[in-house]
Amino acid sequence: MARAEAAAATFERRVLRGAAEHQYLRVRLELPDGGARPSVAQLKQLVVSALRELHGEVGAALPVDILTYDAKTLSAILRVISSGLVKLWSALTLLGSYQNRRCAFRVLQTSPFLLALAGNSRELVLD
Amino acid sequence: MSVPSLQRLRQVPRHLLVCEKGHARDARSRHAAHVRDHAYNCRVSFLIPECGMLPEVLKSTIADVGDYYLVRNLSVHELVAHEFIDAFVKKGSCYALTYNTKIDQDNTAALLPTGKLILSVDKDTYEELGLQGRPSQYSGKKAMRYIVTIDLTDSTFHPDSKKRNRVLWALKEKKPLEFDFLLAWYNTGAEGSTLMSYFSKKQIQALKPKITFSTLRDLQCPVLQSNELQGKPEESCSTEELFEWLGAVWNQVSLDNKSSSFLSTYCCPQPNMMVEKAFLCTITGFIIPEKIIQLLEQLCCYFGEPKLAYWLTLTVHGFADSPVSWRESEHGFHKGGENLYNFVIFRNLDYWLQLAVGTYDDCPP
Amino acid sequence: MAGFADLNLPQGPDKKSLQSLLETAAHLGYSTVALNHVIDFKEKKQEIVKPVCPSELFPSLPIVQGTSKRIKVLTRLTLVVSDPSHCNLLRSTSANIRLYDIIAVFPKTEKLFHIACTTLDVDLVCINVTEKLPFYFRRPPVNMAIDRGIFFELLYAPAIKDSTMRRYTISNAISLMQICKGKNIVISSAAERPLELRGPYDIANLGLLFGLSESEAKAAVSTNCRATILHGETRKSACGVVYTVKKPRKVEEEETTLPACKKAKTQA
Amino acid sequence: MVRFKNRYVLCEVVSEDPRCRQCIEDRAVGLAVRDAIGRIHGDYGLACCSISFTVKYLNAYTGTVLLRCRKDSYRLLCSALPFVRQLESRGQRYPCCLRTLHVGGTIRTCQKFLIQYNRRQLLVLLQNCTNEEERQCIQKSLLSCSLTEEQSRSGDEEDDDGTETD
């Protein structure tokens, strides 16, 4: 640390265009009232099976991470490699049932920056 | 069709991340200018590792972030009235942004502290308004959105000028535009009438920014070296890694996963160190850049006394639906409307600045 | 850019379920929806009823999420035609037809598709998404429809319900895109239940699967819907410039100009 | 009128079981390929590939199959072909696999390739011959197979000869 303090950093600028490795989605699963709520592992299974149905084994092989999951509100943050965003999103859109009951994934926000999901001005209630 | 449909499935929406490093005390450093140029901020948050209690100075700075106002059903022509211009626009920094309007669907208006009034309107409204503007950069071949910029402090915009009368007529009679506005005003010293008293006949509400504190225990923090933006393998982490990690912390993502884990393979970037505690603070509201600069300054002063932390971060989120991001560069909403920036301030007052924008945005300055 | 719209909410007999559909649509961020009344000529003689008045049906419309406006509800009539004689109804100046904001046809044969694209005075042509295409799309009628400002409608709710229909939806959509090059497409739901509705940004992303580009896909739920509604409005007006409104109290007609209509594509 | 560009995929059915030949017919091959696409690329892949997908030509003796699909989606088709596991017809099921020989823009290029390919195969056979009689027979058939201009004209009236070999 002492070494670093010796010389002040010189100005440097890096521009990264479309370089994000991952895309992040904030989603909420909507289920009819009552009935079983999925655990986090079941949610992941549901996501993978949705991908498998629409995009086959190739889709199911996409690395998808469930970064957070709140079982109370059924909301989660998903991470997927950038090239798989459209596939994952469309699979979630066209998913219609969970355990033979209707369900819907609401995609609340997507972003290439995880940090952007922390502050969404569209959900901000200021008054 | 230039792009085959299969490739479209792999496309990533355009986005930019600009990383800079410099020294906060360098006279040529533009970091404060970047803060000043980003007018509309909805969330400011900072993270200080190895800090359990906030120093009093910082506490009072946060408390001083100041009120902002929400005026309901305010006609845009009221912002063009010369009483308003003389009382507020010319006497300080006046900020106004429409509230609860969506830039990709509705009309939006914003008043910049430079005295520029920016209207981002759809094609129908633009034609009815009859004011000179330009098609939006991001609305494709068939322009469906137009940007009208009116300079209120321009010398040709005096009370009797033809130009002003036309603007007033357009906004008053031709196409009256009404919005809920978020307003904030900053002036140094000189007292005068306040927004509250000026708009007392309107539905005006003074609002206080919401402030939340929290402390995290046993947090894995990446190791950073201020002069290595790209990081060094085994020695320090890069800016992108830090950016993702910071997102993970603010979203309460668990940081210790195995690569074989079924659920999540995210883990804290290497190398990292365990920090006993970290202090998190979030301010949400309509926060003006002047206050963020003050906060940034106080955060720099935090390292005036010897501290355990090697660095701290300050993150600012912009409004997704504001018509501008930095300065007057146009901002649009495609999928996320991101415009945010993050400072990492090191113990020796070197800083990293990360500016991130989404699809419909210019490269930040 | 206009707000998001879903031009196809089936108008069932159940008012309560319609109300919950409207609430979900408003919650998802749609600022305009159209209640769809379907008339299938195959099933006996069907009368064209007067459109329901949305304000009568729902005393208070839900507020669109994140705004302070209420959702706008339009009425739409869809004619399922399987025989050329069915089209006569559209040519006759039936009073009740004129009361609908949007008129759509669902042609079952190639010949009727041709007629719908080239001569019928309609706003939307529905594309079959639940079965294999009974005919190939040809360029001349499709181009003609694009010139006349008629839009093609794709539905997505069947694709949510069933895997086979999903295949037909995607494959028919791609077939259409090869002809129309992504122009004049409207994507709407035809959702019977709130859980079959999807948000506008989800649909914009789904459009990529149908072979649209990002901007075309977003237009399919926003600007194209606006154009469809304006196209419907021009039918009520003369050449899209002059249009008549009944004053609420006096029975006298007044001519007003509606600037928004001027810009709409018209082929009066 | 703008023509839609297609891709023709020439492939060979390889099976250890000689009875598999009975199964090489339009429907069985089509179903097997569809099944593989459905498994690998899901509903979306099936929907894309189903546009103008057919088994265009089939030779049960040599085991060659010519598949047609839209140019946009041939990558989906080609990537699914290695995953064809079996052919099924009339209740019989035989394990086999498909080997892609050639991908062409027209039937004609595929035909040219196929004749070349068969010729080379015959040469291989020629080397494997054990007695003179077999040798004679193969040499004769080798000479008899050639592609003349007249023959190829009668093939397909398509002018796009963008070929892609893999």
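A, B, C and D label the chains in the order they appear, each numbered from 1.
Everything below uses one rule, namely that a residue touches a chain if its C-beta (ideal position, glycine included) is under 8 Å from a C-beta of that chain, and two chains touch if they have at least 3 such contacts.
Just so it is clear, the structure is predicted and the values come from calculations on it, not from any experiment.
Asks: Quick check: more C-beta contact pairs in C-D or B-C?
Replies: B-C
Asks: So which chain ends up in the middle if you average the CA atoms?
Replies: Centroid comparison flags A as closest.
Asks: What's the distance between the Cα centroids of subunit C and subunit D, rounded to whole Å?
Replies: So the centre of subunit C lies 45 Å away from the centre of subunit D.
Asks: If you average the CA atoms of subunit B and of subunit C, how far apart do the two points sit, in angstrom?
Replies: It comes to 39 Å between the two C-alpha centres.
Asks: Mind checking the centre-to-centre distance between subunit A and subunit C? Centres are C-alpha means, answer in whole Å.
Replies: 32
Asks: Nearest whole angstrom, what separates the Cα centre of subunit A from the Cα centre of subunit B?
Replies: Their C-alpha centroids are separated by 23 Å.
Asks: Hunt down the residues of subunit B that sit against at least two other chains at once, touch-wise.
Replies: Touching at least two other chains: 5, 8-9, 11, 13, 102, 335.
Asks: Could you list the positions in subunit D whose residues touch two or more of the other chains?
Replies: 43-44, 48, 72
Asks: For subunit A, jot down the residues that touch at least 2 other chains.
Replies: Touching at least two other chains: 53-54, 86, 90, 110, 122.
Asks: Quick check of your reading of the touch definition: is the inter-chain graph here a line, ring, star, complete or other?
Replies: Graph shape, chains as nodes and touching pairs as edges: complete.
Asks: Mind pulling up the subunit A residues that touch subunit D in the complex?
Replies: 51-59, 90
Asks: What part of subunit B is in contact with subunit A in the complex they form?
Replies: For this pair, the touching residues of subunit B are 8-23, 25-26, 28-29, 42-43, 45, 70, 99, 102, 182, 205, 207, 225-227, 229-230, 239-240, 243-244, 246-248, 250-254, 262-266, 284-286, 310, 315, 317-321, 335-338, 340, 342, 346-351, 356, 358, 363.
Asks: Across the complex, what residues on subunit B touch subunit C?
Replies: Residues in contact with subunit C: 1, 3, 5, 8-9, 11, 13, 100-102, 104-106, 122-124, 127-128, 139-140, 144-145, 180, 334-335.
Asks: What residues on subunit B touch subunit D, complex-wise?
Replies: Listed in rising order, the residues are 4-6.
Asks: Write out the stretch or stretches of subunit C touching subunit A in their complex.
Replies: 28, 66, 156, 159-161, 163, 166, 193-199, 201-203, 205-206, 208-209
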